[in-house]
Amino acid sequence: MNWHRFASPSNFKRLSARIFPWAAGGAALCLGCGLYQALLVSPPDYQQGQSVRIMYIHVPAAWMAMFVYANLALAGAATLVWRHPLAEVAGRAMAPIGAAFTFLCLATGSLWGKPMWGTWWEWDARLTSVLILFFVYLAYMALNNAFDDATRGARASAVLALVGAVNLPIIKFSVDWWNTLHQPASVMRLDGPAIHPSMLWPLLAMGVGYTLLFVVLALVRIQAELIERRLGALVQARLSAEPAA
Amino acid sequence: MIGRASFEAHDLACLRGGRIVFRQLEFRVDAGGLLVLRGANGAGKSSLLRMMAGLIGPAHGALLWNGDDIADDPDAHRARTSYAGHSDALKPALTVAEHLSFHAKLRGQAADKIAAALDAFALTKFADLPARLLSQGQRKRVALARLIAAPAPLWLLDEPTNGLDADSTARLETAIAAHRETGGIVVAATHLDFAGADAVTLTLGERKAA
Amino acid sequence: MNAAFALIARDVRLAWRHPNEIATILAFFVIAASLFPFGIGPEPQILARVAIGIVWVTALLACLMSLDRLFQAEVEDGSLDLLVTAPAPLELLALAKVVAQWITTALPLIVISPIVATMLHLPADGYATLLLTLVLGTPGLSLFGGIGAALSVNARRGGALLALIVLPLTVPILIFAVAAVDAAIAGLSPRPHLFLLAGLSVFALTIAPFAMAASLRQAAE
């Protein structure tokens, strides 16, 4: 029976209660160590100087932008194929986190661009692809919120997440292609020679830290969403139980 | 179409917007049968009809045609079902005849019953009139004439007599009787008494009233 | 299949009986494109450089405007229920709606695009390729637009939402269409870009019917 399908997703609750402290502790540890290493210990770049430290915020944010989108697409598939209510909630909960990471990537990219390229915004292929990914996130969130019926919003945005998932590689390809057409290698590539271990470790620590932070934020948001839906179900149940006056 | 067709529901439940509209619903209609749905506003008559048409899925239980779950073969179910909802689904710029012949083609049928459909609802003289010039009752009659223009064994009618005058209601009753004669099944949500004492009545939302 | 052709015929006939709707969209196309010279100055060299981009972007926006009502109108008068309960596959019927939209909107836009291109001083070598890119690219626009239209049925702020959904998806079409015309103007072969453009439309054709049908079933619930 799934009358109050949001009233008792107890399995999720138990699982998340077990994961939560570990994820939160790990996130704090990784981000603390990673930031300390990145901002204080790691050497400045011989070309870019101190501004290279933006990389430790920027690059993992770009990873997360894609990683969260992949999760969104998986949640979308689960919403449409299995009609799993938890997947509906998860998609809704994860999208703003992914959009925030994407925005962080764009903002730090812009900040990094100023000393590197001498301009706040460069139509660099990667930055442009991330910008379009950000637009897709915005469309997802707008669509998710555009209906009075939460399930309809979740299913519609799930379709969009999947359409976006098959389109994003094509968009990435076409933007790369467009960029090489218009800007013959004037932009310095960020992936230069092999990265030195003293820079690699803080970068990886930040990446793991971001991932755990994402897990923590997603769990909190899913819980909040479940409580909100349960509240609605309870109010509805109480009103239905009362004799019609 | 003659034979042992049956349409039934087992332990059917409907969930709309997180609210249970009805549950533990049971009924059975056999070939030639008429099922009349009654109940207060919001009791779920329209939802049940939409569920029967395959537009919404049951939250629980199943609808069976000849014993087979309609969800197992939705294509076959759509082919045998003709749904006439609240809205007339008329395009103001198309004529009455164009609506009927489009509907027949949409349902993969030859457009050779248009004249009969027009005649059944006294629409013959309006055949070439665009829908924007029709009155409310005439619009409803066009919507009902679709049932004749593209025959299907199962008719699902949501408040079919809304906006109809006495003469048109009588024509609808004649059409329903003729359909049942050939072994068709009719499910109608209505507050009017249809001719035929053999109709099965299903009242929705009784639990709430008790 | 006959059901799909009947639906195309019905929609084309409806558009024929409401010529104002197409006229409005064509007027939008011309007016929006002719605003650009006011924004960037009337120098023919500058306009010639950006003409193809303006023609394509404004054609894209004009196409988008007509998509707004593609499925919403069917929902509002109850016709969607008849389409969803018809025996024909909904994927096919949704595709038929898009084909009709393409015939009634994209085709007229293509026909008048040379006029707009002339106003913007598009170099003479670009016209044939411009028409080819529009013929190959607009089906992709209509298909992605159809997905957006189906998803935003009954949504709040449907029109703006439609743009938000569709515009990011159409970036590749825009890129390859403009690149093809630029190549032709520069005396290079536009063929590779045209192939890619056609590929994008074929790709859209493979996913759009399913995405539209899934969205429309949700909308009919």
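Which chain is which? They are A, B and C, in the order written, and residues in each are numbered from 1.
One rule holds for everything that comes next: a contact is a pair of C-beta atoms (placed from the backbone, for glycine too) under 8 Å apart; a residue touches a chain by one contact, two chains touch by 3 or more.
Because the structure is a prediction, the values reported are computed rather than measured.
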Chain at the geometric heart of the assembly (C-alpha centres): C
Winner on C-beta contact pairs when A-B is weighed against A-C: A-C
Mean-CA-position distance for subunit C and subunit B (Å): 37
Approximate Å spacing (C-alpha centroids) for the pair subunit A, subunit B: 47
Distance from subunit C to subunit A - Cα centre to Cα centre, in angstrom: 31
Contacts with 2+ other chains: residues of subunit C: 221
Residue list for subunit A, restricted to those that touch at least two other chains: none
Residues on subunit B engaged by subunit C in the complex (per definition of touch): 50, 53-57, 75, 78-79, 81, 83, 85-91, 93-94, 98, 102-103, 105-108, 146
Residues of subunit A touching subunit C in the complex: 80, 132, 135-136, 138-139, 142-143, 146-147, 152, 155-156, 159-160, 162-164, 166-167, 170-171, 173-175, 177-178, 181
Partner subunit B, residues of subunit C touching it in the complex: 2-3, 5-7, 10, 13-14, 17-18, 77-79, 81-89, 93, 220-221
List of subunit C residues in touch with subunit A within their complex: 147, 151-152, 154-158, 161, 164-165, 167-169, 171-172, 175-176, 179, 196, 200, 203, 207, 211, 214-215, 218-219, 221
Subunit B residues within the subunit A interface of the complex: 15, 17-20, 59-60, 208
